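Naming follows writing order (A, B, C, D, E and F), and every chain is counted from residue 1.
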Amino acid sequence: MQSLYFEDFQEGMELETVGRTVTEADIVMFAALTGDWNPIHVDAEYAKTTIFGQRIAHGTLTFSIMTGLLMRLGFLEETVVAFYGVDRLRFTNPVFIGDTIKARAKVVEKQDRGQFGVVKIEASVVKQTGDVVLNCILRVAVKKKG
Amino acid sequence: MQSLYFEDFQEGMELETVGRTVTEADIVMFAALTGDWNPIHVDAEYAKTTIFGQRIAHGTLTFSIMTGLLMRLGFLEETVVAFYGVDRLRFTNPVFIGDTIKARAKVVEKQDRGQFGVVKIEASVVKQTGDVVLNCILRVAVKKKG
Amino acid sequence: MQSLYFEDFQEGMELETVGRTVTEADIVMFAALTGDWNPIHVDAEYAKTTIFGQRIAHGTLTFSIMTGLLMRLGFLEETVVAFYGVDRLRFTNPVFIGDTIKARAKVVEKQDRGQFGVVKIEASVVKQTGDVVLNCILRVAVKKKG
Amino acid sequence: MQSLYFEDFQEGMELETVGRTVTEADIVMFAALTGDWNPIHVDAEYAKTTIFGQRIAHGTLTFSIMTGLLMRLGFLEETVVAFYGVDRLRFTNPVFIGDTIKARAKVVEKQDRGQFGVVKIEASVVKQTGDVVLNCILRVAVKKKG
Amino acid sequence: MQSLYFEDFQEGMELETVGRTVTEADIVMFAALTGDWNPIHVDAEYAKTTIFGQRIAHGTLTFSIMTGLLMRLGFLEETVVAFYGVDRLRFTNPVFIGDTIKARAKVVEKQDRGQFGVVKIEASVVKQTGDVVLNCILRVAVKKKG
Amino acid sequence: MQSLYFEDFQEGMELETVGRTVTEADIVMFAALTGDWNPIHVDAEYAKTTIFGQRIAHGTLTFSIMTGLLMRLGFLEETVVAFYGVDRLRFTNPVFIGDTIKARAKVVEKQDRGQFGVVKIEASVVKQTGDVVLNCILRVAVKKKG
């Protein structure tokens, strides 16, 4: 996609990304990079004793991959001023090793702030089973054309 | 710290983590892992033309490191049921390459949900200049002792 | 960009990517992943004694980043059958730590092969000084619409 | 092996490397480092719908690992002036997760260029099934003894 | 845990860490970072022909993870002067992909050195089968309170 | 080098590796992989207050890189039975970001154990200033020719 300016966004506009399989390597690398080695993510023996019965991805990994999938669409590549906030982020289902996730986004509000505009995007992540694993509202400040 | 059960949390209880310097390597690895190679994070020439004048860390990287710093305190190591949500996450100042960040957390609410409890934590990230770069509310479901 | 089918490609069509700064971390990670720890890439003391006077990126790293930058444009996302060959790849100038590179691509030939088509792309990598650091011909088999 | 000078190379000389298993982690890390997250490499669900029926390694990953395996032989460690080009690189068979690959190299031509020499090497990568997955000609400028 | 000063250590004091599953990704990343791509660690075909019948983790990876698991306990976070030595390190059993390891530590000697103290720690790593895979003596110089 | 069998080792035999610069990226990646984020390695502000005045590499990183540099010489590639122990490992000087290190090894003892042999190697790591930063004895079980 081309980079979109504030004027290019329309309320109701929808986007969907390609998919990505969440691998054991992703979880290990995310634990590594953040330092969050909670056993529920990286100890297979402990994970067997939890309600999930297996290791689960960090919610913050799913969230981070979601922002990456959306960014790769290119619509904010050179027009983003700041990705400045997130509201009501909920992790609604576990992501297991081998699950494949996609992100969906829908423009739900536009606010003209003078020099730039704010776009509110309802974003969610869905896995191959159809289950929604994450949803939230993203707040992005975007350049205006003029 | 020992793992804390729902009963061990007190409203007003405060925690502070050790620090971590955000390096160029962290930003490159986070861009890599998520696929978010927006030029503002990884193109030094482009970044010179922005209001920041240099590359900035992904807000989601700062957020992810914050969760890692907090988890390393150990208080949720074997008592977390689910880290299920985040509210009002705001990225309030840029984090540049070489900035050193710490996380602070304060218990602001406890809710007994029967089999487990919910703890709301006001979390923030501060850098070496004293500037707050991120704040949010974390929602964690925690095991009960009984 | 949208994924392009064979019929969508036009000879002479040109593409340019965003930029990416090649960091010390990229070179270390590429040495790591490939096992190519030749001192010219990773030994700062040795590199001082060479004609370049400093460490240089692996040509294969520059080439790999180029393919990544081009793929991120999205035009081959779901239409590539196979990226099956490269001709006359030349590394024409060194890439140093801190250099920022962009890729350019130009469709130079289309061949209809019945079930799919072959697109030849002249690709090059340019750094912030304007110097071309790599050029080659890529051969990609692409889906047809029909 | 010792580092070889131009005079040490003989036409017809052959080399073979040890093997390396291409893992899911390698593919994820290469996608990460390059930014090439094409679904054919990293989306297990999408990959099921392709002619390969599963995810395949990036050709550029196989090529990069090949250069690493060859460099680890040590024969160019301190004598390489520049690895300056590649001709007729072809990806002839897919590399799947779990395949083990080795590189083979054969000196096919020597050219004295005065201050240094050029060695042309026919290189290929073979997997455990015996299938050749990649072949190409490498061009390397090498120091002379004198 | 709180950081412990020399005076806080008691001979006979014991610590145990949480567990961590050693994944294929860990072994690949460690081979990458160190450059030790010995086939016994990363060539699945070669590994079938050894007495282990499969790839094994680098002993130095197990040792490095052990120090990480111990450090995460936090007892040395801000009191370590120097981790200056290791004695009689033995790799007593193989660690395979998928094994889950924990570290155990026991204070076996304290030496007052005037400005600081030396603590000798008998450390071992155990896997889910109960087998000890590594043991050694760690020597750590630690701050005194006064 | 060729792989060496037990019979090929001679007491007094010496080896030296090429060099490698220890980068900020190496330290971050090692902290990541092991989970040892002690502030002395990764918090630039804290490190200023220590006797070193700056961040230092993990001793275990230097040790791990040393084993990698030695393995890359190839002399144990297909003849190592087990690298089973380390004695008297001492970290004698700090390694700072940007230091370039090399490993040296000297065969100090051979023991015939019937089916295989044990080789004791005195190994050390030296940096560009000439300072020895690490020394130890490695114990390796090696195949016999017969």
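Simple rule for what comes next: a residue touches a chain if its C-beta (ideal position, glycine included) is under 8 Å from a C-beta of that chain, and two chains touch if they have at least 3 such contacts.
Being a predicted model, the structure only gives us computed values, none of them experimental.
Among the remaining chains, those touching subunit D as well as subunit E are A, B, C, F.
Interface equivalence for D-E, evaluated over A-D, D-F or B-D, points to A-D, where over half of the contact pairs coincide by residue number.
Shared residue numbers account for over half of those found at the interface formed by subunit A and subunit F, and the copies are therefore classed as meeting with the same residues. Ranking every chain by how far its Cα centroid lies from the centroid of subunit F, the top place goes to A.
Farthest from subunit B, judged by the mean position of CA atoms in each chain, is D. Subunit F has its Cα centroid 36 Å from the Cα centroid of subunit C. Averaged Cα coordinates give subunit C a centre that lies 41 Å from the centre of subunit E. Shown for subunit A are the residues in touch with two or more other chains, namely 18, 20, 23-26, 28-29, 32-33, 35, 37, 39, 72, 77-78. With chains as nodes and touching pairs as edges, the resulting graph is complete, every pair of chains being joined.
Per the touch definition, subunit D reaches subunit F in the complex via residues 1-2, 18, 72-74, 77-78.
Taken in their complex, subunit F has these residues touching subunit B: 23-25, 28-29, 32, 37, 39, 42-46, 55.
By the touch criterion stated above, subunit F contacts subunit A in their complex at residues 29, 31-33, 35, 37.
Those residues of subunit B that touch subunit F in the complex are listed here as 18-21, 23-26, 28-29, 72, 98, 100, 128. Put simply, subunit A touches subunit B in their complex at residues 20, 26, 29-30, 33-40, 58-61, 63-65, 67-69, 71-72, 76-78, 80, 82-91, 136.
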